[in-house]
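Heads up, there are several structures right after this.
Look for chain A in each of the two complexes below; its partner is chain B in the first and chain C in the second.
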Partner chain A sequence: MIRETHLNIGLVALLMAIPVWALIADEPFIITLMTRAVVFALAAVGLNIALGLGGLVSLGHAVFFGIGGYAMGILAHHAQTYTPLAEWPLLIEGTKSMPVIWLAAIIASTLAAVVIGILSLRTAGVYFIMITLAFGQMFFFFAISWSAYGGEDGLSIYVRNGFPGLNTLVPVHYFGLCLVILLAALFLNARLAKSPFGLALNAARQTPARVETVGLDPTRLKLVAFVISGAITGLAGALFADLNRFVSPTMFSWQLSGEIMIFVIIGGVGRLFGPVVGALVFVALEHLLGGLSDYWHIYLGILLLLIVLFGRGGLIGILCGRERVHD
Partner chain B sequence: MTDPILKTHALTRYFGALKASDAVSVDLRPGEIHAIIGPNGAGKTTLIAQICGGITPSSGRVEFMGRDITGLTTRARSREGLGRTFQISALAMEDSVLQNAVLGALGASGRPWRFFGPALKDSVLRDQAEDALRRVGLHDHLHKRTAELSHGQRRQLEVAVALTLHPKAFVMDEPMAGLGSGGSKQLTSFLDGLRAEAPILLVEHDMDAVFALADRISVLVYGKVIATGTVDEIRANAEVQKAYLGEDT
Partner chain C sequence: MTFILLAEQVLNGLQFGIMLFLMAAGLTLIFGVMGLINLAHGSLYMIGAFAAAAVAGATGSFLLALIAALAAAAAAGALVEIVVIRRLYDKDHLDQVLATFALILIFSEGTRWVFGSFPLFLNIPEALSGPITLPGGIQYPLYRITLIIVGLLVAVGLGLLITRTRIGIQIRAGENDREMIAALGIDISRLYTLIFALGAALAGLAGALVGAIQSVQVGMGEPVLILAFVVIVIGGIGSIKGALIGSLLVGLTDTLGGVFLPQLFKLVMEPSAATNLGSSLASMAIYILMGAVLIWRPTGLFGARA
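Now for the complex of A and B:
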């Protein structure tokens, strides 16, 4: 068995080493693939807070991913067409600045998560899954019918948005930016899991009656977890849209919600680096098997089956065993 | 006579046509252990859920520290100072013993909205939790996963979590359930000392423990209190013997 900390350090090293190799070997496409994996991992870090810590099986996280994507698409669209987003009550202009776009993505997905969370958390179990799925579908069809922003065709951005001091059009610059954000999110996630809030949330997942008996509100704990979760996935959506310079309703699709969940499950639900492992494996399979067959999801399905049947802690569980209860 | 800390006024609860609680009036005075006994299905757990929250009485009310708490949520009752232990352990099984006790301390602090510093390094929470674990004799198992504890140790942990709340009254639902005679004796002597800190409303099946501990006993049969009195009075009560004790001995 490998110590989980050692595995995590190895993973961070791998995330850094592959692009460096790709840079030397002049393989910019590999860097783009790695950026895709890192952004997917960030989206899954978000879901892992709701799913792993809070036990909330959300099949609607693409909502936040899509909101982040459209936050980038709409702001950049207005900037490149020189039209204001709104003129009343105050003038809001589009922007090509990533930090501003990220802030907008986080605020919009936070608001959506508050509303969806309050409504969904009135239910539990299979009903919770269905309500989150229903929200996902509502946003999906809304985006399709929203012709002002491309409707079914989505929105294209001519030039990737800018970040002060970096040339985001250089693949490795944009990769570095995304990696720093992923590592920051993982750091916050690690602190969160051990914090008083994390402890209470962990207990609320396992035994809500106990949490209530010590005077805390399990539903409110889960709601806050859901909102933090949605905000992180929303930020990932903005990065994803900027990576592709394109946003479309498929970012809201339930397949995407499923994929984010698959990243978490492949890597290991509730494990800090589970989303990273899951996203890396997914993107690797997509690239390697996708070249062989359009039906590569068959192999993904087999992998998922094997992991769920034989390794309940995902790949990290298989490699490192059960999570340790103390430091 | 001192005023009771906890008092129920004619609590009645129907489940359909079944009267699970029938005008139950019991009270808990400072410094005492008041035991509630009764055969299976007498409505003991229903009574506890009405006192601690979870089941709303069809009529009647619950008074705690002079305040009507009938309409309060479980959480609010806990914050008022009701310390409950569960009949079937409701612990976070994947977490360590220490984490479970820290959860209690965290609840008592009322400040769970801290997202950054490690909970186990918060000296206030940690001291409170370790203190409670030391008192019930679990301090050697701080970092053990709760699922790995023996049944008896889980019962001890249940009590420890209640201790971290520093409640003004304990409500314990069969704390001895499933304990061996050794464990049962140990817990009995612990509860004996605990009553000086806060009175205990004790629902219990273990008659040895009840007779050793209780200042007063109420006997619940078919949702109705048929007698309340000291150990000797209850032993001598003909109706109680017929309804309950007679079946066992």
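Now for the complex of A and C:
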């Protein structure tokens, strides 16, 4: 058995080493693949806060991913067509600046998470799964019929948005930016888990009644977790859209919600680096198996089935054994 | 806005709703008795449609196609239950969601592998094609009327099965207390396989019937699956009556919303903006309906109090 801390340090080293190797070996495509994995990992870190800490099985996290994506798409679209986003009550222009886009993505997905969270947390268990799934579909169909921003075809952005001091068109610069954000999110996640809020949330997941008797509101704790979770996944959506320079309603699709959940499960629910392992394995499988067969989803399905049926705790669980409660 | 248009749209909504019921009934039964959330139910719908299209293509008989759809979906359902689903009953919902999501991937890609990515076509049988004239002078496709009638018959049959037969008693007992009925000497795992196959057969039937008016393709099951989820959330999970009323509500809201919301907005807005806003709102209407129902009753219209 490997100590989980050692595994985590190894993973961070791997995330840094592969792009350096790709840079030396002149394999820019590998860097793009790694960026994809890092962005997926960030989206899954978001979900892991709701799922792992809060026990909220949200099958609609693509909502936030898509909102982040469209925040980028809409702002950049207005900037590249030189049309204002809104003229009344105050003039809002489009922008090609990443920090502004990220802020917009976070604010928009936070607002959506508050509304969806308040409504969905009235229910629990299977109802919660289904209602989050249904909210995902609602946004999906809205995006399809929203013809002002491309409808079913989505929006293309000609040039990747800029970040002060970096040339985001160079793959490794953009990778570095995404990696820093992922590490920051992981740090936030680790701090959150150990904070009074995280401990209370953990208790609310296990025995809501006891949390209530000490005067805390479990629903409120879960709502805050859901909102933080949604905001992080929203930011990941903006990064993903910028990586592809394209947004479309598929970012809202329920298959994507399922995939984000798969990242968390393959790695290990509630494990800090679970989403990172899951996203890396997923992107590697997608690349390797996708090259071998058009039907690689069959193998993904079989792998997932085996992990659910026989490998509790995901890959980190298999490598490191049960979670250490006192570390 | 004429009476005939309204009547036609109401009939369309009914037909859509009743087909949703065939999906939702199986889902709600499986959840009610086994406590299992089955995302792969849409795959069984797809299997029914593909089996029907393949048999109809080979033999030219629609009746044989329907029988094949029922048999293929029931067999696939029973197989999946025995190999995979059975291991999921005592796991939590997260594991059930993932395992059945994995089944979707396997079924969808497997079907794509066997039949290819191009849609298949299933023709409406000669005897049921063409319109008929209903009272009030409404011309309406005979096949769609048949779907409504078949769906209602299945609903009645299912109701009788559950309230009047020995199997029905066992199903209802299984919902309430599975240990007790096992103690009374009923083979519970055989009962579960049977219920799962029954739900699968209903989904397969819906797939074959709807396959004749839409194209038969990979991924056709998932949109219907999600609508069926909306239906059982509105109706209350585990309740067949809730599934019926929920399906009709969803079918009518979706169909009537799509037609009349844009028209409604045209009264107060310019036409193109009205069409845009109307169709956006219409595509979200059933989810808004679901949200409203859940705010009013968090466990659905006929759900047990959680």
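Here is the rule we use: the second predicted complex is superposed on the first by the 327 of 327 C-alpha atoms of A that agree within 3 Å, B and C clash if a C-alpha of one lies under 4 Å from a C-alpha of the other, contacts with A are read in each partner's own complex, and residues count from 1 in each chain.
Note that contacts are C-beta pairs under 8 Å (C-beta built on N, C-alpha and C of every residue); 3 or more make two chains touch, one makes a residue touch a chain.
What you see is a predicted model; the values in this text were computed from it and never measured.
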Query: Once the shared chain is lined up, is A:199 touching chain B (first), chain C (second), both, or neither of them?
result: first
- request: Could you tell me if A:221 is touching chain B, chain C, both of them or neither one (first, second, both, neither)?
  value: first
Task: Check whether A:152 is in contact with chain B, with chain C, with both or with neither, and answer first, second, both or neither.
output: neither
Message: Which chain, chain B or chain C, ends up touching more residues of chain A in the combined arrangement?
response: C
Query: Just chain B (first), just chain C (second), both, or neither: which does A:93 touch?
result: neither
Message: A:298 in the overlay: touching chain B, chain C, both, or neither? Say first, second, both or neither.
response: second
Task: Give one of first, second, both or neither to describe whether A:129 is in contact with chain B, with chain C, with both, or with none.
output: second
- prompt: Does the superposition put A:210 against chain B (first), chain C (second), both, or neither?
  reply: first
- request: Go through chain A and flag every residue that touches chain B in one model and chain C in the other.
  value: none
- line: Seen from chain A, its contact residues with chain B in the complex are 191-192, 194-200, 202-203, 206-207, 209-217, 221, 224, 325-327
Field: chain A contact footprint on chain B (complex, rising order)
entry: 52-54, 73-76, 78-79, 84, 86, 90-96, 98-100, 102-104, 106-108, 110-120, 122, 125, 143-145, 161, 164-165
- line: The residues of chain C that touch chain A in their complex are 31, 37, 84, 87, 91, 93-95, 97-99, 101-106, 108-110, 112-113, 222, 226, 229-230, 232-233, 237, 276, 279-280, 283-284, 287-288, 290-291, 294-295, 298-300, 306
Query: Taking the complex as given, what residues does chain A use to touch chain C?
result: 51, 57, 59, 119, 122-127, 129-131, 133-135, 137-138, 141-142, 144-148, 254-255, 258, 261-262, 265, 269, 295-298, 300-302, 304-305, 308-309
